[in-house]
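Which chain is which? They are A, B, C, D, E, F and G, in the order written, and residues in each are numbered from 1.
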Amino acid sequence: MAFGFGPQQMGYDRAITVFSPEGKLYQVEYAFEAVKRGWSTIGMKCKEGVLIAVERKKLQNLIDLKHLEKIFVVDDHIMTSFAGLAADGRILVDIAREVALRHRFLYDEPPTVEYVAKVISDVKQAYTQHAGVRPFGVALIFAGVDEFGPQVFMTEPSGQYMSYYAAVIGQNQSQISEYLEGRYNYDMSLDDAIVLALKALMSVGAEEVSPENYEIGIVRADERKVRKLTEEEVAKYLERAKA
Amino acid sequence: MAFGFGPQQMGYDRAITVFSPEGKLYQVEYAFEAVKRGWSTIGMKCKEGVLIAVERKKLQNLIDLKHLEKIFVVDDHIMTSFAGLAADGRILVDIAREVALRHRFLYDEPPTVEYVAKVISDVKQAYTQHAGVRPFGVALIFAGVDEFGPQVFMTEPSGQYMSYYAAVIGQNQSQISEYLEGRYNYDMSLDDAIVLALKALMSVGAEEVSPENYEIGIVRADERKVRKLTEEEVAKYLERAKA
Amino acid sequence: MAFGFGPQQMGYDRAITVFSPEGKLYQVEYAFEAVKRGWSTIGMKCKEGVLIAVERKKLQNLIDLKHLEKIFVVDDHIMTSFAGLAADGRILVDIAREVALRHRFLYDEPPTVEYVAKVISDVKQAYTQHAGVRPFGVALIFAGVDEFGPQVFMTEPSGQYMSYYAAVIGQNQSQISEYLEGRYNYDMSLDDAIVLALKALMSVGAEEVSPENYEIGIVRADERKVRKLTEEEVAKYLERAKA
Amino acid sequence: MAFGFGPQQMGYDRAITVFSPEGKLYQVEYAFEAVKRGWSTIGMKCKEGVLIAVERKKLQNLIDLKHLEKIFVVDDHIMTSFAGLAADGRILVDIAREVALRHRFLYDEPPTVEYVAKVISDVKQAYTQHAGVRPFGVALIFAGVDEFGPQVFMTEPSGQYMSYYAAVIGQNQSQISEYLEGRYNYDMSLDDAIVLALKALMSVGAEEVSPENYEIGIVRADERKVRKLTEEEVAKYLERAKA
Amino acid sequence: MAFGFGPQQMGYDRAITVFSPEGKLYQVEYAFEAVKRGWSTIGMKCKEGVLIAVERKKLQNLIDLKHLEKIFVVDDHIMTSFAGLAADGRILVDIAREVALRHRFLYDEPPTVEYVAKVISDVKQAYTQHAGVRPFGVALIFAGVDEFGPQVFMTEPSGQYMSYYAAVIGQNQSQISEYLEGRYNYDMSLDDAIVLALKALMSVGAEEVSPENYEIGIVRADERKVRKLTEEEVAKYLERAKA
Amino acid sequence: MAFGFGPQQMGYDRAITVFSPEGKLYQVEYAFEAVKRGWSTIGMKCKEGVLIAVERKKLQNLIDLKHLEKIFVVDDHIMTSFAGLAADGRILVDIAREVALRHRFLYDEPPTVEYVAKVISDVKQAYTQHAGVRPFGVALIFAGVDEFGPQVFMTEPSGQYMSYYAAVIGQNQSQISEYLEGRYNYDMSLDDAIVLALKALMSVGAEEVSPENYEIGIVRADERKVRKLTEEEVAKYLERAKA
Amino acid sequence: MAFGFGPQQMGYDRAITVFSPEGKLYQVEYAFEAVKRGWSTIGMKCKEGVLIAVERKKLQNLIDLKHLEKIFVVDDHIMTSFAGLAADGRILVDIAREVALRHRFLYDEPPTVEYVAKVISDVKQAYTQHAGVRPFGVALIFAGVDEFGPQVFMTEPSGQYMSYYAAVIGQNQSQISEYLEGRYNYDMSLDDAIVLALKALMSVGAEEVSPENYEIGIVRADERKVRKLTEEEVAKYLERAKA
């Protein structure tokens, strides 16, 4: 590629919101690369509820991990996590919370999980079609339980979103997905689902794992209330996962 | 093309809303490439009504296909489907629904199929003529029955739209069109039309097909009401199509 | 032209609304190329009235030609047709109709043909002088009968317009013009003018022609009312033209 | 010019409203090239009044020359003509008429010829200094009689304007000017001035000339009223000019 | 400089309002080149008053020099002249007049010469710091007599202005300045100053000079009133200058 | 890299708010380089409170160091310091103060340290996603004691922020962090923490150190009040650190 | 550097408000080059007050130096001078005066010197972070006496400002600073400070110096009132400096 005329060099991937000859929006595809460098995150649903499990990579010792929240409560019954540019994710989480609040205020009832995922996706789409902005460099998983039961939605930087039994974002996304595909079962208990998620995350990890490396949030179908597992609870599940 | 001065390299295809020396808008043509990578979709009309049939490609097992709706109700009597960038399509479907609603509100009567197709096309055209935005990377089929009978319109990324007996968008568009051209007949029954649509989709598909691979919506001329076929109904038609 | 420094490659033709060293606006000239790829269209006037005749090329069988209107009523006494980008043309036709309506509303009398042609041309000019937009890629023929008698105006992408005895736009524009120049006569009957227009269109066509290949609109000087010929009428004139 | 680094290729002439190292605004100079391709036009004043004479080149026979007005009435006592981009010229003529109207409305008296020329020139200047627009590609001659006597002003694309005894724009500008310089005399009669203008236009023309090739407008000092010569009048003057 | 990477080719001189590595604003420096091509103009003050003298180059005979005013009255006691782009200069002269008028309206007293020069310079500065516009391509000399005595200010395209005993702009600026430096004396009479200015202009001129080649404006310290010299007066001074 | 097509040369790092193929925002990464050239700064928390310690490099003798404040009071209980572009930092410090003030005004209670850090980070994120601005070239450390105890947050140019036991920004960031990692202990006294911070700064410094080279601010957990150490106090701690 | 890929050629220094890979804002650094070409200017404080001393280079004889003020009164007790683009400096001086006036109006007390320097620096910073403008090409020294005693602040084009015992801007900045560093003493008398400033300016000057080559402003600590030295006073100090 001595003279630099491969597809990347032609400029299609540089200008915002421009189609390449193959009909691709490179800026959006590159934004997805930021997602792929994020921490591995799984959102899963089963008959009994939903979970989000995030692997917290070892960081510099001087960082206070207690404050390094990776799972965010959007509404009583909806939680979210993201992979990609941290600051972009924070902004969208804030918007999601506002969206939920406004929904309750306007309609006097909680939003569905899909409603929140859709509004965030609409914001993302707008950032892929207009000049003067760049796309958001994050994928978000919204998980919760609403009138339609347990729900997991994943939104991409393009503004596309889909419903998942088990959605994976961040590093090793394809290996973890593959691991899950053969073992996942909608009818398993939430306890088993948590163990499966931990096993899937461990399947690609080389480091010694310990409870503080995982952050897990759940919403039980019968409670419809986001709850974060304590380090002790995570430890118990980890025991089972390692077995 | 070692030194890169073919038509694509001259920049006519890079800047938004600019004519090339041949009078082409490359951005619009590239947007059509995104359409060609979408799932194969057929909109068809016959004396008895209209149908839209979409082939749902096999996706990752972990995606919840129940939520992966590809045919959208715009109004009681109008449905739509699209091929191309999913997020772009969703935005335009939302606009179409608003357009229909506002029409009913203002004139106290349902919009015609063409009215909705035209407004969406006007939005698309504007996105091809002004800087600061990119064209929409989707083609939409609007199908329905109104005072003028069964109607199928297809709108392109350029903002052009036409009336069709049978419109095809997405992968293998030309082969499927060719398959239909010899076999289509306006006077056939809606049942036969559904079977023909399935046959046409199967004519290019290599995979094992099963009912969950197809989503079919219909509007009968005598009912003027969008209805999605159940998986059982799809299975029955598929039986006939395979025969 | 191995290293690409001919006039097109210098960039004068790429940026919007910029003069080349020869004082040309290349974007406008390129927009005209889109016009030249449109369907051949003739607007003609004679003592007895005006006509617009459009050759409808054979398209995919699955397109419903009944809906493929190419001649549009602007006001009772004015019709228009265009060659070039279909979506651009539709937008300008809509504007022309609004212009006519507003004129009637404000002055309580029908607009002249030139008035409508001029307003549309002013819109086109603005799109050639300001950044952030591209020129309109269509030429329109406005034909009608007003207080000044039969009128035919043609507006170019540049915003220039002129009055014509017989205006030709679209494919084979120069051959058809040449054919007409020797045979046209203002004093011929409208019937003869229709036959001449069909002959001119046939003079460059290779395909088997049949009535559904032509769309013809007329305004008789004594009626001042746009009327589209039926397929039967077209067939009769075609008979004479082939003779 | 194999590698393209002459002055034009350096980009000074491409961007709008940018100075070249020699202090030139190339866009403005290029706009003047559009003027030089326009039809030859003369504005002249003498003791008895003013005239504008335009040579109408032979055009396609199918154009209706009756509508091809080249001399426009701005106000009772002021007329104008332009060379360059027709659509640009039309826009400025419209503005000139509005300017005159508004002057009468505000001050209850007719504007001077210079007042109208100056306002139009101010508009032109603004289009050479701000980004987002291109300069106007026309030169206009304003001719009329006001309280200061017979007046002829010519405005350039740069927004510069000057008072002339005899101003020439369009094709063969310099040859025609040269022809006039030796023969012009302010004290000649308006009749003689018309003949001189025709002779000057004929001095560079190769075609057979006939009255319909010329459009002539005059304002007599004692009438202060624009009047277009009839074809018969033109014929008479032409006779004398050929003699 | 075959491959074009000297300072001009690097782009510092092309983009508006951008510093070069040496801290220069090339657009402003290029604008000054337009000034250097203007007609030679001198503004001078002495104990008895101020003068502006402009050399009117021989132009095409057909231009009506009577209208070619080069010295403009800004207020009773202030006059101005400029070198550079004529249309830019006219715009700034208009602004200067408005500024003077508004000053009288707001404060009920005449503006000082410096006040007017400063406001015009502020406008110029703004046009060198913001994108979307180009600098003004003119230098102006403001000369007048106010409460502080005789004043001559010269404003550059950069927006810088200074007070001068004798300011020179336009062609041969440095030679004329040099001529004046050795001979100027603040205590000379205004008559002698006029003769000196004419001599300075003649010192670089090759053409036969005659009174109509010069335009001279003066403001006497005891009158504080702008007055243009008549052709007869100019002739008398010219006589003395030639002696 | 003779022909300049390495990643930096492809333009991904030049345009604002654009993703590179690897999903990076180069402008943001380059902004971090400005941070790395700032003065070494440490923010640390321990059971007894928080501290910020800044090493003031020797500057020109003529600078009045008394005015060279590097630690800023944001609110009674919150202080901040930054590394990077001084003017950018000052602007953000001003915003932080306003944010704190407004919080008190609206909610009648002091803001938490995280609240202030988050708002500043949101501002920073916006400057990385929109065109027309550049990212802020500063990292800030916010340290204070609030209802949740001692808090140290560091915000990056990207808009990301995290909670730290000990955060380091500026020159030698990684060496200083490394030095701290082995020696830091949350349970040490604030006195010991100050000595540790000084030792860490000295560990990379070559210059003779004296008290005026350090600026130290503290907030004791029991006081919740920002206090800057006097030169005498700094001297005492320095003594201990050198021991 | 035949193919032009050194740092300057990569474009980092051309676009406004963009970081280079080293985290530098080249436009700001280039603006500083304009400062370095300004006249040498010293601001100094001592126990007894502050001074600004400017060396007025010999200019063309025809410039009226009486009007060439280089030290500007901002408020009774604050003066300023600048080096760099004269027009930019004038604009900022005007803003500084407005800032001071508004402060008095709002708070009914004089602004501190730092307050004025900070507001001007905030304006400068904004011009380095937003597109569509260029940075200001001037450094300003603000000197005065306020409630905190004698103050000298210098603001850079970046928007950074610092407090100085003795600040130097303009030509030979580093040599003059070096000269001062060894000899400056805060406790010297204002008389001695003036002599030192003159000596420092003379230390780099080659020209014959005379009183009119210097402009000196002072504010005595006990008077808090800006005063410009007369030519006689300057002469006396110069005598001492030459001794």
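A few notes on this one:
Following the convention adopted for this analysis, a residue touches a chain if its C-beta (ideal position, glycine included) is under 8 Å from a C-beta of that chain, and two chains touch if they have at least 3 such contacts.
All values reported here derive from a predicted model rather than from experimental measurement.
Although chain D and chain E share one sequence, what matters here is the overlap of their interface residues, and that overlap falls short of half of the numbers used. Separating the centre of chain D from that of chain G, both taken as means of CA atoms, is a distance of 55 Å. Averaged C-alpha coordinates put the centre of chain A at 30 Å from the centre of chain B. Residue positions 3, 11, 131-132 of chain D are each in touch with at least two other chains. Judged by the touch criterion defined above, the protein chains form a single closed ring in which each chain touches exactly two others. All chains join into a single ring; listed from chain D onward through chain E, they run D, E, G, F, A, B, C. Across the complex, chain A meets chain B through its residues 3, 5, 10-12, 15, 17-25, 114, 118, 121-122, 124-125, 128-132, 152, 158-160, 162-168, 177, 180-181, 184.
Note for the complex: chain B touches chain A at residues 1-4, 8-9, 11, 13-14, 16, 26-27, 30-37, 60-64, 66-68, 85-88, 90-91, 94, 127, 131-137.
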